[in-house]
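One structure is given below, represented as structure tokens, and several questions about it will come after.
Residue numbering begins at 1 within each chain, and the chains themselves are lettered A, B, C and D in the order written.
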Amino acid sequence: MSKNTNKIKKIGVLTSGGDSPGMNAAIRSVVRASNYYGIECSGIRMGYDGLINDMVVDLGPRSVRNLINRGGTELKSARSEEFRTVEGRSKAAETVKKHNIDALVVIGGDGSFTGGTIFQKEQGIPFIGIPGTIDNDIFGTDFTLGYDTALNTVVDAIDKIRDTATSHNRVFFVEVMGRDAGFIALNSGIATGALDILIPEQKDSIEDLFSSFENAKQKGKTSSIVVVAEGEKLGGVYDLAKFTKMKYPEFDVKVTVLGHIQRGGSPTVADRVLASRLGVAAVEGLMAGKSNVMAGMQSSKIVFTPIEEAIKKHNEIDKDLIKVADILST
Amino acid sequence: MSKNTNKIKKIGVLTSGGDSPGMNAAIRSVVRASNYYGIECSGIRMGYDGLINDMVVDLGPRSVRNLINRGGTELKSARSEEFRTVEGRSKAAETVKKHNIDALVVIGGDGSFTGGTIFQKEQGIPFIGIPGTIDNDIFGTDFTLGYDTALNTVVDAIDKIRDTATSHNRVFFVEVMGRDAGFIALNSGIATGALDILIPEQKDSIEDLFSSFENAKQKGKTSSIVVVAEGEKLGGVYDLAKFTKMKYPEFDVKVTVLGHIQRGGSPTVADRVLASRLGVAAVEGLMAGKSNVMAGMQSSKIVFTPIEEAIKKHNEIDKDLIKVADILST
Amino acid sequence: MSKNTNKIKKIGVLTSGGDSPGMNAAIRSVVRASNYYGIECSGIRMGYDGLINDMVVDLGPRSVRNLINRGGTELKSARSEEFRTVEGRSKAAETVKKHNIDALVVIGGDGSFTGGTIFQKEQGIPFIGIPGTIDNDIFGTDFTLGYDTALNTVVDAIDKIRDTATSHNRVFFVEVMGRDAGFIALNSGIATGALDILIPEQKDSIEDLFSSFENAKQKGKTSSIVVVAEGEKLGGVYDLAKFTKMKYPEFDVKVTVLGHIQRGGSPTVADRVLASRLGVAAVEGLMAGKSNVMAGMQSSKIVFTPIEEAIKKHNEIDKDLIKVADILST
Amino acid sequence: MSKNTNKIKKIGVLTSGGDSPGMNAAIRSVVRASNYYGIECSGIRMGYDGLINDMVVDLGPRSVRNLINRGGTELKSARSEEFRTVEGRSKAAETVKKHNIDALVVIGGDGSFTGGTIFQKEQGIPFIGIPGTIDNDIFGTDFTLGYDTALNTVVDAIDKIRDTATSHNRVFFVEVMGRDAGFIALNSGIATGALDILIPEQKDSIEDLFSSFENAKQKGKTSSIVVVAEGEKLGGVYDLAKFTKMKYPEFDVKVTVLGHIQRGGSPTVADRVLASRLGVAAVEGLMAGKSNVMAGMQSSKIVFTPIEEAIKKHNEIDKDLIKVADILST
């Protein structure tokens, strides 16, 4: 894989969409891998907006030192409206040409990949995507960059909430990120011994929730955590708390929305290693002439998935895991 | 101080009001110190409610092992309505007599101390208070139990929020605990380099806030954190965000309410050591015949403050610290 | 898988060998899953020694609450010499019979599995193993219990060491656990941007190490971390430091042996979820008549591997990962 | 205090000696406070060596953003041999003049202050010291920069060690930093419930240690932590472990030397706020004409102590705290 058959001389790297822990580690990996293979590397700031507005910086191997363990993205990120227009992409192409960039590495999610693939088709600039999002909902990789870190942040927070829930015999509804995907909710719920876990992938009913409470009362459980993905269709945490309080006026019901703390923080080892591997893979992929694909990791192996497929399909929640959650909450 | 002139044979310990990290370490200290001085120790569960309803457990020195580093309170806590009535306190006195408890150690805040002092006057049961609350607003001690831990939890969370704020050039309003006191807000704001800090002790105006933003823009600051105590009189974080967005439509404004994660977690060293010292002091104080006082720490020395004074007066925010915050946010 | 075709009425669970984070979560899972399927559960304390000396406790579903996030093992662990003898195992069998235990779940490593399989063959007691060791060197599972937690502990420690290494332009040799396996060293080395990583699986030479230093000097790197697995054949960290100091007297060389902090701590999410799944799988496996197998996880699926195979074969270090380490250290 | 009566136009700041967490926060504070008062600020890299070799960088207020939470020192530190010579200091004075630096802020320990005071007397350059060392052994301040962070790092590590100690019924000797001072050992020992704590300030005997073990055995304690300051006069941890093993061959005795992890890591809130206050105080002190003093914090108030006094005297261990340790280890 290490032959530069595609004669790439300069790679541009950018982060786009919502930021996630590990993006910096991936930038570092793209820069160092490029350098290793004798390829120059430029960083584009502010996502596609930076491509449109010529915000380009040279990145040498020493410029990314002490970056692997930092949260956020040093290149900054944005959701670009202008890049959705032909004019925007045309200006972006000029920047690419001006800086002699031969190919792009785009670290981001679905929306960013869609942008990259349109740009590639329109302007002929090869690109490889690296899945960077905490939601873990991108097809073609077992884990997305930032997911493991976000999950540990969530569990650390719920562990703290449990301390006070237990001390006061309270019921807590905790909202975690995941607009369309319940990975964070399901796994953090199992890891914190939640009484119930509500995720968009499952049809939940308020009766099921109440029967969990009945069950818990019967077993002598005096405090409970219910983890709710933000995309849960049964209702938001405030609604759920209200319904619960109406049904069980004796409960001391509280709500916590974890919010943006889930996006930050120094990446875990899993995210740092994943970022390191995907960054190298993206560079080697471009060298080998790949384009319009996403570099992912499946069963510890690098796999390139066509962007169209990565966007269309979705990672499925493991049914076994839902069953494990049921068994252990008893 | 170590003579048991008061012939105490059995001490009861309880936690009351909102829980705070370090309460378990204080319980452990009361139990071990009692044992050291040949005094028996009972734990009362669920605060004053447990005193009313005879929820009493024997606590030997080995029963509190591996407790010093746990968040929450193993004895559980509650705010008791019934203890506000003469009947409730009368029933509580029966429990005290039934178990031959000679004196109480009450770990909690203002409200819990008020209850203890009424109980003492009405029923003649000596008690010493240990200030357990994350708000740090109790007079007679430099720090309350749980404050240092809560502060570090808050700062850890805001550090994570800063990662994403910086990556996206955003303005974040972060609400932290402190209904009447700005200690957490002021210190966490300084520790995270907040642009502005809004606390109940200070008269803030929306114009001052906006002038901070102007200042920041002028200096090229692209992202900002504003830390707001929950008791801030200018408005809640959602209002402040709305006003800001109206004034600066170009800002990407976000809100995070940190909530109950601030109450949990393994206590920091400062809280563990404080809890250890205050627990020993409370036991030694009761032995020496003290009652109706709070054991606190001032300039690293144990100080006993009359409960009436501890309740009436309040810890003042350090004006120098407010100035430091102003200087460093520039 | 959820039919109890094997008519198991009572399961005994024990932890054996070196402890690892997640063992408590696995115990909880075995207890809760047993309860879910109407099976009784007993805990055996102190590993096989507890089986020999009848240290058996009943474990109901509420007895394991608040256990999922605790490090170590509440059942305690030991390496039993007596269980290596026929007499020892014969006494152990009596305990099993006395308590009407139908099957065992053994959480531990290679040695513990060998003991379990001999016991099974000699005494006919079915058992399933759960791989609990931080070294990740057991065949039949992608990850062992405790590995992810240990890895994050190591990286957190090396991040701290890097702060001081960078501040003083120092070279640090850091020894991490792994007597026969370099998983922790290789992954923590990548995650911390180590200059070099020395593992037992690779033939290293002092010349290679020195050429890394030459390379680093040339590139203007002023401080370096070298991560060394304890089983490294080239020499221990003190030897390596000495050789380096002889070759480069101008270097400020330091050594840190991370030691037993690597075994403790609250388990990460990955370890908690893995423990939860393997515990359920072990119970369901015994119900389905399986024995003498290890429950592991491969590509997110439960896989049962014959104990003989799990013991004989070893997880291989991923060659790609070694290459990634080389590329990124430049 | 905010009048620049001394007409300072440019301040130079450097970090010297062993690094400690919070040094970066102090640098930031000096830079921002200077800017606030219209004073220029230069950073000197590599401590006094950088002063000798003209390693000076301009530091504007934006250059120190995102620095408050970083471990180590961005200016780097060193122990300078050359600065101990008249020639060295003479070259350093040239650098000071060349850059029009009017006064210095030196962040470091005893040795660094000695250097600064000689330099001041010889070359007439005003300087104020900020106590930066994890050992907390500098007179004139309740706490030194980095002490609270190091203490929490130590306790976090010992909490992990306790997990494995408890799981295996082991005795652990843990060496912590503190060549002449037992602050870290004493406070971390209390905070982790250590059986015994050995510090240089106290005359310990092996008999006392053994009697602690006897006591523990009698009370049914099955595992123990003994915290030992590196400056302990009774012997190092390896000796103590050997003696213990000879006396109690049945004990499973282990040793851990925590080492350099104690110097790194993101500073705690206490250290960040302390650094912020002392940095402002140092700048304001220089403006007011102070020199040859150390800015410290006593009972939450800024206090300036003459350097000679800060060097000669030492912070005393609190006897009450030793007693608390004794009481609670029972």
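Quick note on the criterion: contacts are C-beta pairs under 8 Å (C-beta built on N, C-alpha and C of every residue); 3 or more make two chains touch, one makes a residue touch a chain.
What you are looking at is a predicted structure, and each value in this text was computed from that prediction instead of being measured.
With contact taken as defined at the outset, there is no chain that touches subunit A as well as subunit C.
A repeat of the A-C interface exists among B-D, C-D or A-B; more than half of the contact pairs are identical by residue number at B-D. One inter-chain figure worth recording: subunit A and subunit B are separated by 36 Å, centre to centre, where each centre is the mean of the chain's CA atoms. The centroid of the Cα atoms in subunit B and the matching centroid in subunit D are 28 Å apart. Centre to centre, using the average C-alpha position, subunit B and subunit C are separated by 39 Å. Within subunit D, residues 159, 162, 166 each touch two or more of the remaining chains.
Taken chain by chain, the contacts form a single closed ring in which each chain touches exactly two others. By the definition given earlier, chain contacts exist for A-B, A-C, B-D, C-D.
Interface residues of subunit B, counted against subunit D in their complex, comprise 28-29, 32-33, 35-36, 61-62, 65-66, 68-69, 142, 148, 151-152, 155, 159, 162, 166, 187-188, 190-193, 219-221, 266, 268-270, 272-273, 276-277, 280, 298-300, 302, 318, 320-321, 323-324, 327-328, 330.
Touching subunit B in their complex are the following residues of subunit A: 15, 19, 21, 23, 70-73, 76-78, 153, 157, 159-169, 172, 254-261, 263-265.
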